[in-house]
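Here come two complexes built around subunit A, the first alongside subunit B, the second alongside subunit C.
== the complex of A and B ==
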């Protein structure tokens, strides 16, 4: 049955976005049957509500037309690019798994019918309703790749020192950091050929990257253990922020309060594990540039997780994070291990014998076992006892 | 971890739950769901107080939410709705504190006559804000040691709290506190197995 309401609904939706381009949230309202002769779209306070029956009709109509156009069906041969854009929006709002529709948007960007920033804003809107849609995140990565390419190609044209083709990935990254600094300090760069464009696109990249971290936080907040949001954040840090030390340290700082408020969210802890691993790789640069030393960062993380474990019992995710930290500790150099051990001995009960003639690693393990055993006594909770027991068993197997 | 709602109720001699004062924090819910969530929080608070014996505590799990309830010996009751990460002990400490303090706001003889949800208790807003961070809030409360956690009865669903022959669907259907929109919300959410709204 061809539904004549489809075109009308699509028009209503487009008008809603025209009336308020700042829509930042949308939802499906539980109205199963059309009850009154009014538009099923409700626009309030930048939030769009769509009645459930209308979603069904609209989605069917838009998807059919879009896919018809894609497969070159004779009835849908000529559609204006702006209409394609609107059709794909109608489809993706309610079915963000439709990767074909996202690909159509990629083509629209290539042809210039859609801007990168508009599509990023649209994706953020989709994520407000579907916070763990993998296709949406994948599409965003493509968009950021485009932004990065713009920046790199235009900057190599403008800046003679960068014009040599980047041999390694590392060189590209250094190049990017250079752009970052240039934005504020040397406005004369803009006078050079292509410079203005480079400046503009690097500025856009910078502001969009900051927004993107915000988008990731919101998605992680909306859906617990949101693997897609956190791995997208990792991607952004790696590719748009070059894993720079400054970023890694500030991310470690900012996600600290987030994880202590989401103690069962393994994905959040995994993100911190990524940060710590990266910092471990850059530990010598960390030491020289910010006088922060990796061992004390790791020790601080250990203290942090131990405090969380005892404040909020019964959550397994924190114990796995503790395993990770301890495993990282064991990988440290002997001298660093020694400082670790000295930091720890103060709170060890004298009743536990540490054999100082054993290898350092073994000593650290027995020390950690002592720590767990002594604090295990204070909890009567069954599940927590079990989690502690499993952790000790893991330590013993090392 | 999040704290969604604090309510002080009276379990009337007929065994009905009557809200005396309440405050909800709904910012984390979708804009269009807030009214419904609000109604369901009131509805849930009431049915839990109605089905909890006098002078007992219970914590009832429902999807990712946990409702903590305490009915004191004089039938003044408190309900706190939080998520599953929120420490049970802190939630019950908060209830004790609120129930303890409430008679200062509204003396006992007025409990049965006062209009539903009309008692002025502005501190609830502060508590709801401060207790979002249980660690900070916990340091302020001194009664924590008096709370015996082993005496809290645990239930895995709201259905488990209901009396024999009672069904949640029927209670929702019959409820006067829920609007038609909320009832449809409940039905569609149930049909599609969504967990978008409490219950």
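== the complex of A and C ==
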């Protein structure tokens, strides 16, 4: 027998969103049984609370109706698009990995019953409670792909809209200190488009991209080692920001403090590795457009991670990041290695002299081993010693 | 025998043998066709072929929800099936005025036409249907539903009124452009107007209802929900002129007060269904009047009528309608209602459903007591629904979950 409260709960939820379109956070309240004859939805200050008993009833009702409509069952053939939207919203708030519901929303967007920005806002709301929902991120990538396609098609084939930030970098000297990801700072520069509509699309894309980076950060904050959030961030940078130099550099800066606050978050470091890899590919442009070069960037990173390792012992994630950085250092040109060597002379113990006729790689390795060994002596922590030992073993295998 | 079968069965029979094929697909068996279950699968060619096969035999056709149907198919249909009497085109969103032009040309016997949700229909369609020219128009038209055809104008309705005097049922929900003039013309020309639904036609004011009161003595159903400009004057007019009224829906008409309902109920004793949701000014006095005069009431909605108290329900509960007729009562979001109201309803033997969502003073115990008097009642509240009552002879006392926890 169907629970008659289903329709009423759905109506209450819809009314809550109607009363306050700016709801930005929601959660489930631990009320197991309704003790009072009162609506389980509590709305205050743009936050929505839902009593726990209502979730099951609402979810069951909405999911059944939605699936019934989808499979064209006789009772559910005619549902208004707005109602479908509300049903899918009810389902996804509490079961965000239901990709059928997300796909239904894709269809609604295609038919015009739902706007892209509304759906992006809704997805951000879902992520506030379910920061690690893979289907939510997958859906968002589809939405951004739609935005991109829109931009490209309305700019009559030219790629200028999306590569605008990269284009503008050639003209502007990049200031490395405290760069904000303000891609929106150059909305008009570099966009050689015709028509206000094209400008509108690209403005929308830009503003949504900025919001998206914030969404990723918040999701990463809410759930440790949030692989989905970070890989989504990578996707955004690759596809919406075109891996522009300005963005890469500013991201490096902004995530620096984040990773030092989350030293065990491997996904955060992995993201920095992606940035460094991309910068490696673009190092000639980096050289020409700014005063710093890639090698110094890497060295700075190495110093940063060493500092972190000694400040916060026992975190394996940082050692793995160190491995990556060291590997990158090894890969660099011999000419650059020589410069770095000269920079390192002050660190060298007298027992390890530089032999210029040896291959430079092994010098670096032995250098590194030496550094680690010396610092190992200064820590008494067992786990830390173990991590250091593993690192040295890896170095020796190179 | 075949004439009793539905479409699917007929088609299956047609596949059995050649002889059955001939019999099953004979036009005379296809007087009434309902393609509701096929919907988007049905396309033009199907309708056209069917028209040819059934020809003059087809009297009733439902294409409800067949969204792919276009004007071309219906034009062929109108030409071939000239004896059509009932045509349902609900949600056939692609059809336009061209279809109605064809109907106006060929379908002289058309009595019932449902064009709801066909959003491309405009006032022109109504002009085609009511075409005064000698050999044109559907002058037998008695039932017309143009709900959600937003583009229909008052002009069209006026033409319709003049050309189709036999109209007894007219639904134009959501047609925001229809104004007083159109409704008044309809009231004057259609002598037998019995059912009128103008839900969400926000331009309508008391004037139109006044004319209805004067000219439509046989009116039984009026739905004017969300026509929020209506005042008590409308109720007075209805009271004076429409004593046959059985269904009145005025939800969202928040200017109505007790005085209006007093005037209405004093003369309209046949009221069976009343929807007064969101009539915020209604108080217990209205319930008193309803209790006194409407002895056949079976459904009453008072959702969001915040002034209603237990006293009003007491009056309702002790009225002649309550014991035998009252089946559905909606009191959700009436904050002053308490368990006492439920006590007053214990004598309503026919009460099958009561809505009390958000009546926060009502307790589980109150609901339990009501259920013990009316075992088959559905009580809709936020409390968890109880399992059906125990069969006769079961001795164990049962508690609803929340009381057990308490």
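A few comments on the model shown:
Convention: the second predicted complex is superposed on the first by the 354 of 398 C-alpha atoms of A that agree within 3 Å, B and C clash if a C-alpha of one lies under 4 Å from a C-alpha of the other, contacts with A are read in each partner's own complex, and residues count from 1 in each chain.
Definition applied: a residue touches a chain if its C-beta (ideal position, glycine included) is under 8 Å from a C-beta of that chain, and two chains touch if they have at least 3 such contacts.
Bear in mind that the values here come from a model prediction, so they are computed numbers and not experimental data.
In the superposed model, A:121 makes contact with neither subunit B nor subunit C. In the superposition on chain A, A:225 makes contact with neither subunit B nor subunit C. Of the two partner chains placed around the shared chain by superposition, subunit B is the only one that A:27 touches, whereas subunit C remains out of contact.
Within the superposed three-chain model, A:53 lies in touch with subunit C and out of touch with subunit B [touch as defined at top].
Of the two partner chains placed around the shared chain by superposition, subunit B is the only one that A:45 touches, whereas subunit C remains out of contact.
When the shared chain is aligned, no partner comes close enough to touch A:211: not subunit B, not subunit C.
In the superposition on chain A, A:74 contacts subunit C only, with no contact to subunit B. Of the two partner chains placed around the shared chain by superposition, subunit C is the only one that A:37 touches, whereas subunit B remains out of contact. Shared interface residues of subunit A, touching subunit B in one complex and subunit C in the other, do not exist.
Per the touch definition, subunit A reaches subunit B in the complex via residues 25, 27, 29-32, 42, 44-45, 47, 49, 52, 221, 224, 261-264, 311-313, 315.
Taken in their complex, subunit B has these residues touching subunit A: 1, 28, 30-33, 64, 84-85, 87, 133-135, 181, 184-185, 187-189.
Looking at the complex, you find that subunit A touches subunit C at residues 1, 3-5, 8, 33-40, 53, 72, 74, 77-78. Residue ranges on subunit C touching subunit A, taken from their complex, read 37, 39, 65, 91, 332, 356-360, 362-363, 378, 380-385, 401-402, 405-406.
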